[in-house]
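To start, the structure under review is shown below, and the notes come after it.
Note that the chains take the letters A, B, C and D in the order they are written out, and that residue 1 is the start of every chain.
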């Protein structure tokens, strides 16, 4: 007697695996962030001008940077600020974008046209002007970054989810829900959203990683974290002049971001396959 | 309704938005601290000089009057002059447009094919090693800051191997291809993984749908089923994501342009913002709006072309 | 062709319309001046063959040599008078050097007379600086100042504009009518604007350019070690310092300022930031200027004293704001170091990174406590430097620090009119002593230029006062 | 001699031995098929009948190895001596399409929404038989004509969503027949077809079977169809085969108890036994005043879409008229049957009634209120009173909601039941439609066609509507459950005065269950009248054709029946 199971394995059997792996990685980071103080051994901001640019050693596992700070403890402490940036930065765009995409795609008509032109406008809006204005108004810092992101980042979510909704709304189960006299908003939340969310679930995890990286790229506008905060993106940016002489300054924060990105990637895919299996 | 009429309608819908965006941008840039006059002539100038410059450009007028003037100019098709360069904004934009356009198209070309291939492989080998390899490389590519990647690539392909120039735009098509290769690749390296992740997920979603089953029941080759049935149905969300990304890229890939010294719109924008070159910022904003509408329109047309259930 | 990548932008070609670094370096290539400096920094005849000074030092008579503009038209005294009047008159970006001038007259075709309000020691030197360049009166009047300087300006210097792509590059080609026959030796100079340091270095290493302006200190050693690249570390008039806002607490209190200065280990800090390539600063004026007070000990690190001073002043409330321009790596590093060393003596501070525009706004409105920054002087004479950085009555509140010491203000004016170099020296030394003692700013270090040159280029250098000698440089293959 | 006997000595082309199929579900492994064995010979038609949810579809899919990933299959399936379960995907692909083709039970989801149906039909031709695009298209048109789709040249370029339920089903059949398979597995291929088309399709299958020695497995709830078409019959219940044998034998002398019930509950038979109208409550005295529904000059058009290029050139395809100038009244408590050709606009009419499709012209009144101009609040109220069961129940259920959730939703949202009463009511409703409680947590994908259908019915009934618009509610149900559901509806009709609009292809059901019937063709109302009149003295040609095409249970010579060509020639 043989066992034959379609091709490959059942996708929902795999979902928890990916989710677990991704969750474990992200959780590990969260733990590191919480316990940063006791794990790292050095104060991340302590400057030691006698220990500039030391290569990795038993004393300094990841070496020291151009100001003699311990890269290992900076990487560890970086988890704190970077997780914060990632999560806090994604939340508003996610919520706003999802809402706009849902409503716009579902109700269509003039509302949709209006919303989509608003999306166009937002995409077209000069981001740097926005950033400057926000920084000028609120002062430099990560919070300004979040606000700038919230103003702009939702667009992507809105477009993605709207594309899904446009197809879903013509399905019979939505028609059926209508004939049940259910409130359109309820239909939107209960029937449309769960069926449209999976690309968003994947993108949001990508987005978190992008937000962390992008923050560093905006440093030149006074955006993102302020020195001397240990933040991976900034550490990499600072280290770029030392690429040939002190690779470790960029390398370890880079690895930290990649690993975290992987964690989120697993999480996103796991979530998506869970959603798939939920059908 | 013909496509062309639709496009016209889109552009008409754009008009109020343009007005809105121009007012907001106008107000924002002017309310943001930072004196264009000082940035224009260097730090060591005397206060009187600054006053004189502000007067000359009408910056001392109340905002509504300044705006009215600006709109008056716009109506006769004049985007104004750059404070810094004293040349028409339209000319400045026109000069910086080709590199950006070229770069974006180049990057898209370099993105699309790998995206399709990688997403396909990842989806079909879901959970197997090719999937994981693609994921790891993708995440690395995505999370690698562009400025860092730029340095590495310049060093490797520009300095050590000498295969590609590390800066500039070049003269003539082939030269553009050569010069913009590294910038385009650097862009593709972070755009591709984003698209791959999304496409992969959508592919998986469609792969166990009933019509795929039906296609299998006809004994069609897997490759064909994939291309004709699964891909088309999965493409929409990714297409929209691509649309947004392209729209952003058309606004100038600031960092890539900076790292590879490509004289594109992104650089122009950031420099103008830093220098508070108001009219350039505003002119660029109008351009962005137009570019965005065109891209969105293209995506919407493509959506309707792919999916008959979606009406334009 | 000599190709140079520089972070400084060329935005205007009118010599009177800007005093920003990119233009300062450029104007000299386009517009010849009455005097010029030799390779060793001596003043020598330029467009003026010779000159005479009246005994009271208030009247200068310049004899012009036979010279032509790039369009072939003759360069006359009228052009000189026209140009100098523009430079000192309304609409000039930087009239300060010419403030002593009462009138400029063309006596005849060849003779220019300059009358001063009072004798001014640095005056001759000012006839050499970037905005004293001579432009064609006929052309400017014919085309109007906007057009004349955007489309193919008529130049008098070694080069003329071949192609200008604003915000990208400026290509200069040799001016066949330049008065120094045989110069320039190269046909073209391309000034390419490249904001990113690493890109400039990569371009140089990849052979795409011949000169990279401002290599990072971290890479100087490595670059110099390459046999294709030289980094000669020529002296500059640049000084890195920290501005302190005297206009508000805590730094309105001299004890806190002194504590802040004593808290810093300037030489360690210099070494860390510049990898030992710069000299720690001992006074408030740049080292490369005339009359720099070489032997002055400066304020040395003394943590105990700093703490004592702070205690005496009463511990400052809150955190001092250290404002830095975003994108300036060095300033940011300095800020971090300063913050740490201040913290060690109990002076709390936080760093705020803002973009250049905002930085200037906040600086001029006094919305900061400390601001690590840098400046340079366009001449080697300290007059303008003192007016800029030390004088509280010269229009910019001592670099917007609100430092205002009557004595220093008086000394500034006195030194301008004093002709005797020895006496001038004494005046400037006093000014340096007073201002350093009172911690008008905290001087940090005097960096050299870190321009990196391909070995293809011979004889090219940047003078301390930011003038290139492209006309003397050659390409050797 | 039947075909089977002629070939009896030969090896069967397909032989299934003790097939077991389990599904991994949230609640553990669920056995769907247990120990099923069957043999199929060339030129033979094997009928599978059985209770809804008894594993018919699963068995069929197991044979083509197209079960979902959560399925565990064991047993042996030999195709010409090769064990299919041991083949790899590549070899399997060689088998599918040419050797075994499958018609799925649920045509609408089995068609790619983005591909024109002509292409979908032609795909097999191009890849299996190497036709080029033009040839494939031509053949697709031919096939569409074979399955009686009118205007095949136009329809070949339609997208699935532009087709009616029956058209999709026929497109599906055409696609399966395209590559001239040796074995055809047809899972309820005619549920959405009206009797005329159905008989044409059955004729077509019969012709192919004779012409090409096709072996066929036919799953159907329609015993008459099975009896007409099949040589042998397999009766399934609860995943097991309860009886199998020669068709004649099984029909005439059913052995298993279940088979007997099955045959007995055949509505036609029932109707005959119960002297016509007995089953149907007489319509209560006409209530005075307004009719429940008054439809006046209803016209519905769907804008055509001729692809992007033609859109560009301004030559978009002409609009499709689904309903043309239709006027009709439906009284309180009345049961109106709507019958008619597939694609004649029945579903469109139904969708108009529940405000899912807005009429292009014409008006509809509900109890004197025009429904098209109702306010939002009135609409909610209206929808509480008028419920619809969709033609394709599977599509009408949210893929993420379990059966119980789907049924509970209206209860909760409209506060029809509260707290613990909800669960109770859900179970009650499931019981009413004969759904085992064990299916409560299943999602639509994990249910059989008939089970989905019943979930949809229960959901509609949960609203306690005054009007039920039922689009083909019986087609996916076996006769026993069918008669139970009809009994339930009748009960409701009698107790609560439920008005029912029943769209059905099953004229037997309409005749026994409805008071009045309306016949539609090409979007127009051809004829309406009391069923007795209509069925007894049809006034229109089309109605007569319909009646003539009703498949009947053979009572006498089965052999003669199955070999005589058109069923329409029957008395």
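By definition in this document, contacts are C-beta pairs under 8 Å (C-beta built on N, C-alpha and C of every residue); 3 or more make two chains touch, one makes a residue touch a chain.
Every value quoted in this text rests on a predicted model; they were computed, and no experiment measured them.
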{"item": "Chain pair with more C-beta contacts, A-C versus A-B", "value": "A-B"}
{"item": "Intercentroid distance (Cα basis), chain B paired with chain A, Å", "value": "20"}
{"item": "Separation of mean Cα positions, chain D and chain C [Å, integer]", "value": "88"}
{"item": "Chain A and chain C: spacing of chain centres that average the CA atoms, whole Å", "value": "44"}
{"item": "Gap in Å, rounded to a whole number, between the CA centres of chain D and chain B", "value": "51"}
{"item": "Two or more partner chains touched - positions in chain C", "value": "198, 355, 357-358"}
{"item": "Touching two or more other chains - residue numbers and ranges from chain B", "value": "32-34, 147, 151, 155, 208, 307, 309"}
{"item": "Shared-contact residues (touching 2 or more other chains) in chain A", "value": "8-9, 11, 132, 136, 170, 240, 243-244"}
{"item": "Chains touching one another, given as label pairs in label order", "value": "A-B, A-C, A-D, B-C, B-D"}
{"item": "Sites on chain B touched by chain D in the complex", "value": "1-3, 208-211, 213-222, 224, 228-229, 232-233, 301, 304-309, 311"}
{"item": "Interfacial residue positions of chain A with respect to chain D in the complex", "value": "1-13, 170-173, 175-183, 186, 190-191, 194-195, 278-279"}
{"item": "Of chain B, residues touching chain A in the complex", "value": "13-14, 17, 20-21, 24-25, 28-29, 31-34, 126-127, 135-136, 138-140, 142-148, 151-152, 155, 190, 193-194, 197-198, 200-202, 204-205, 208, 236-241, 243-245, 247-248, 251, 254-255, 269-270, 273, 281, 284-285, 288-293, 296, 299, 303, 307, 309-310"}
{"item": "Chain C - residues contacting chain A, complex", "value": "197-198, 216, 218-219, 222, 265, 268-269, 271-272, 324, 326-327, 329, 332-333, 335-337, 339-340, 350-355, 357-358"}
{"item": "Chain D residues touching chain B - in the complex, by the definition given at the top", "value": "64, 66, 68-69, 89, 93-98, 101-102, 104, 106, 109-115, 123-124, 127-128, 159, 161-162, 172, 175-176, 178-179, 305, 307-308, 311-314"}
